[in-house]
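Two complexes, one shared chain (chain A), two partners (chain B, chain C).
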Partner chain A sequence: MFDTALSSADLIFLAKGAGMTIVVTAISVAIGTVLGIVFGVIRVQLGTVYAAPLTFFLDIFRSVPLLIQLVLANAFMGMVLRVQFSGLTVACMVLSLYTAAYCAEIVRGGIDAVPTTTRRAARSLGMSWGQDMRHIVMPLATRVALPSWIGLALGVMKDSALVYVVQVTELLKSTQILITRLQEPMLLLLICGAFYFVISFPLARFGGYLEKRWSND
Partner chain B sequence: MFGYTFQWNQALARLPKMLDGAVVTMEVAVLSMLIGILCAILLTLLRLSGSRSLRAVAAGWVEIARNTPALFQIYMAHFGIASFGIHFSPFVSLLIGITFNNAGYLAENFRGALKAIPDTQIRASRSLGMSQTQAFRYIIVPQMLRISFLPMTNQMVWAVLMTSLGVTVGMNSDLYGVTQDLNALTFRTFELFAIAAVIFYIITKIITLGARLIAARLFRY
Partner chain C sequence: MIEIHDVHKSFGKLEVLKGIELTVDKGEVVTIIGGSGSGKSTLLTCINGLEPIASGRIVVDGTEVHAKSTDLNKLRQKIGIVFQQWNAFPHLTVLENVTLAPRKVLGMGKAEAEEIARTQLAHVGLGDKLATYPSRLSGGQQQRMAIARALAMSPDYMLFDEVTSALDPQLVGEVLETLKMLAEEGMTMICVTHEMAFARDVSNRVAYFHKGVMAEIGVPEQIFGDPQHPETKKFLASVR
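After this line comes the complex of A and B, so read on.
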């Protein structure tokens, strides 16, 4: 029963898939966070009415399945614009915007959590908008936003399992390739699941710990 | 402008089929949500129980559901369980996968909501002569559902979006599956998936707006 055809070469193949998952996640989260902060600040600065187009644009990424976003982006690049991007590029572009859409929401929540009076006090003391943002808002907003951001980063890692539709062989896809060859779905899926779990669980716990420690009550 | 001729008519002609798919998508999402809420209440109960092993089972479910991709969970329901000789149809596999995911996330929400309900209420209901079951059913659960109404709405939206993963286990009657089949027939990839995206967008908007209306009606006080 415990015989398996799984060889060390297969494990290396899985490890490569895992590496791809991490690469896609890292690039997307990095770009997405920068974009998300920019979008979030713009949304707060412009106010609800003027930021409505941006809000709508970002809302699309949160209301359409990621699978469809990837297929659409791929079709748009390849068939409509006729530019040849690698699957990895398309995957990172879509996932970055996807991350940015959620991140903007988190950033906005963080900025809103800073009391207006505190910011007015900072401005009254002669701080410029930039100083107020950097020295007052950023430290306070980070406390509110960081736990959610960790959750978002982990969410993106889990959602990166969908980039197989643009021919990126990440962990779940390489698992599936091995399942097709070895016909041992349970074992392979358990290895795959364990990998996601080992990365996600400690970080999720850490996020929960920060949330508890940094909450005011 | 583009070296590509959009042929929306061809894609729009298939709209009725896609709307049929949207109905199946909604069916899966609503069913997974209803069963998911029941499972989540059960998980919340298990987490409160005195038995260590029951608590471990509940904690394991919640952590696995929250720390692995939904796609993995659906694969597990379809290919993983199949290695024990139990074969589910794509519809059932998808439903199991999403329900498992929903239940895990909802149980975590319920746990947060539970903390917001004062202990004194349980003691008050017990001293009014309610049994433990009655107190849980009439005092705790209604408030729990009410406090976690907004997270539940979000989960519902996610459930709808997650149904698109069914295609990986061979589901072809939901909105994404139908769209993919039509794509294989007509090869109007961009147009078809753009329409599917619009339908998904409308569905999620209906859910969030509907939930807001329901909340305004239910939680007036």
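After this line comes the complex of A and C, so read on.
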């Protein structure tokens, strides 16, 4: 059909980049979600005033561009703390906090959406705060928060393209390397886009599936 | 026995309970009537410690509800409460709604909790709705489920906070029948209600609340037939 210098080895190289994207995203979303739940619950429990320092801290991660956070974090580790972390570690640390900052907001919104009267009913049955949280609040908040969380996870996956600045060769960086060598940007970007789609699609579908299942309640 | 001594309670500057004195004996059914904002619903939420009080004492079977040392989670196991809004747990089936607290709070096994839940749900006429989600139930059914949920904890006392107020008129009867049945079985109950016929027919005593004060209390025949307090007279004239 048309000539290309793209070899199967190049495709494997791209697949490895995609693998790195998945690894960075999975680790960051997992850690970020756990931290986000903790931060979100703390924010709700403390109330606006007492949670202000935490809110401010999280706002930093939401406001400063990720690229700058990555470069600064890398420099800070090396020059101030004088510890040598791999690029992957730095990338996961920064992306985890970035995810946590957004996730905390989603969690807070989800918890706030559970009617206080429902929680009262749970407590009136003798349930402790923890039991109410675990059996009533979290399941209900999850239903509210899921669409936003899926959006966040997909966003983090695409934002993870920026971790090339700390020398992590993920999908987009791999693509750029090949573009430089093969000078076939259109084809390579198409393939790269297809890889991103293949990674995102199952997650988006899974979210849709859960939403549909829960709507039957 | 529930003993309420000189209980005061405020929301901000608004004093909603101004020195309530009331004792409810085992097996007694006391209904509280009165206009909105008279403090009657607030009193119920204070009895099981969902709301703190400013001063006074509420003692349930010798345990002071608002004492710091009181384990409220434990105390609430013996005081069931059903609210105006039935507050079903929407993510759980009817059966799961009722078994949740017995399993998690009382530590019952699944089979045992389900056995109790089935009995209680059949008791309130929902024996055929076990696998249904609350959103598929009518308001009256959800309210009866909430009653079964509270009863599954085998409480010694039941508090009912205007349980029929949010229901469509044609659904009120089925819930009142359930309450009547409980009263006949000897359950100790405090019911805040706007249903005067229910108060007259079911209670041992009727209390009239007015602006945070218990203006009058007596047997139904006296309260409805020969009210002493001018505010009680005015209120009863207005609802008739």
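As a working rule, the second predicted complex is superposed on the first by the 199 of 217 C-alpha atoms of A that agree within 3 Å, B and C clash if a C-alpha of one lies under 4 Å from a C-alpha of the other, contacts with A are read in each partner's own complex, and residues count from 1 in each chain.
The rule we apply is simple: a contact is a pair of C-beta atoms (placed from the backbone, for glycine too) under 8 Å apart; a residue touches a chain by one contact, two chains touch by 3 or more.
Keep in mind the model is a prediction, meaning the values are calculated, not measured.
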| item | value |
| --- | --- |
| Chain B versus chain C as contact partner of A:143, first or second or both or neither | second |
| Partner chain(s) touched by A:179 [first = chain B, second = chain C, both, neither] | first |
| More chain A residues in contact - chain B or chain C | B |
| Contacts of A:76 with chain B and chain C, given as first, second, both or neither | first |
| Touched partner set for A:50, first chain B, second chain C, both or neither | neither |
| First (chain B), second (chain C), both or neither touched by A:204 | first |
| Parts of chain C lying in touch with chain A, wherever the complex brings them together | 48, 50, 73-74, 76-77, 80-81, 83, 85, 87, 89-91, 100-101, 104-106, 133, 135, 146, 149-150, 153 |
| Interface residues, chain B side, partner chain A - complex | 2-4, 63-64, 66-72, 75-76, 79-80, 82-84, 157, 161-165, 167, 176, 189-190, 193-194, 196-197, 200-201, 204-205 |
| Touching residues on chain A, where the partner in the complex is chain B | 60, 63-69, 71-72, 75-76, 79-82, 154, 158-159, 161-162, 172, 176, 179, 184-186, 189-190, 192-193, 196-197, 200-201, 204 |
| Footprint of chain C on chain A - complex, ascending | 115, 117-118, 120-128, 131, 135-136, 139-140, 143, 214, 216-217 |
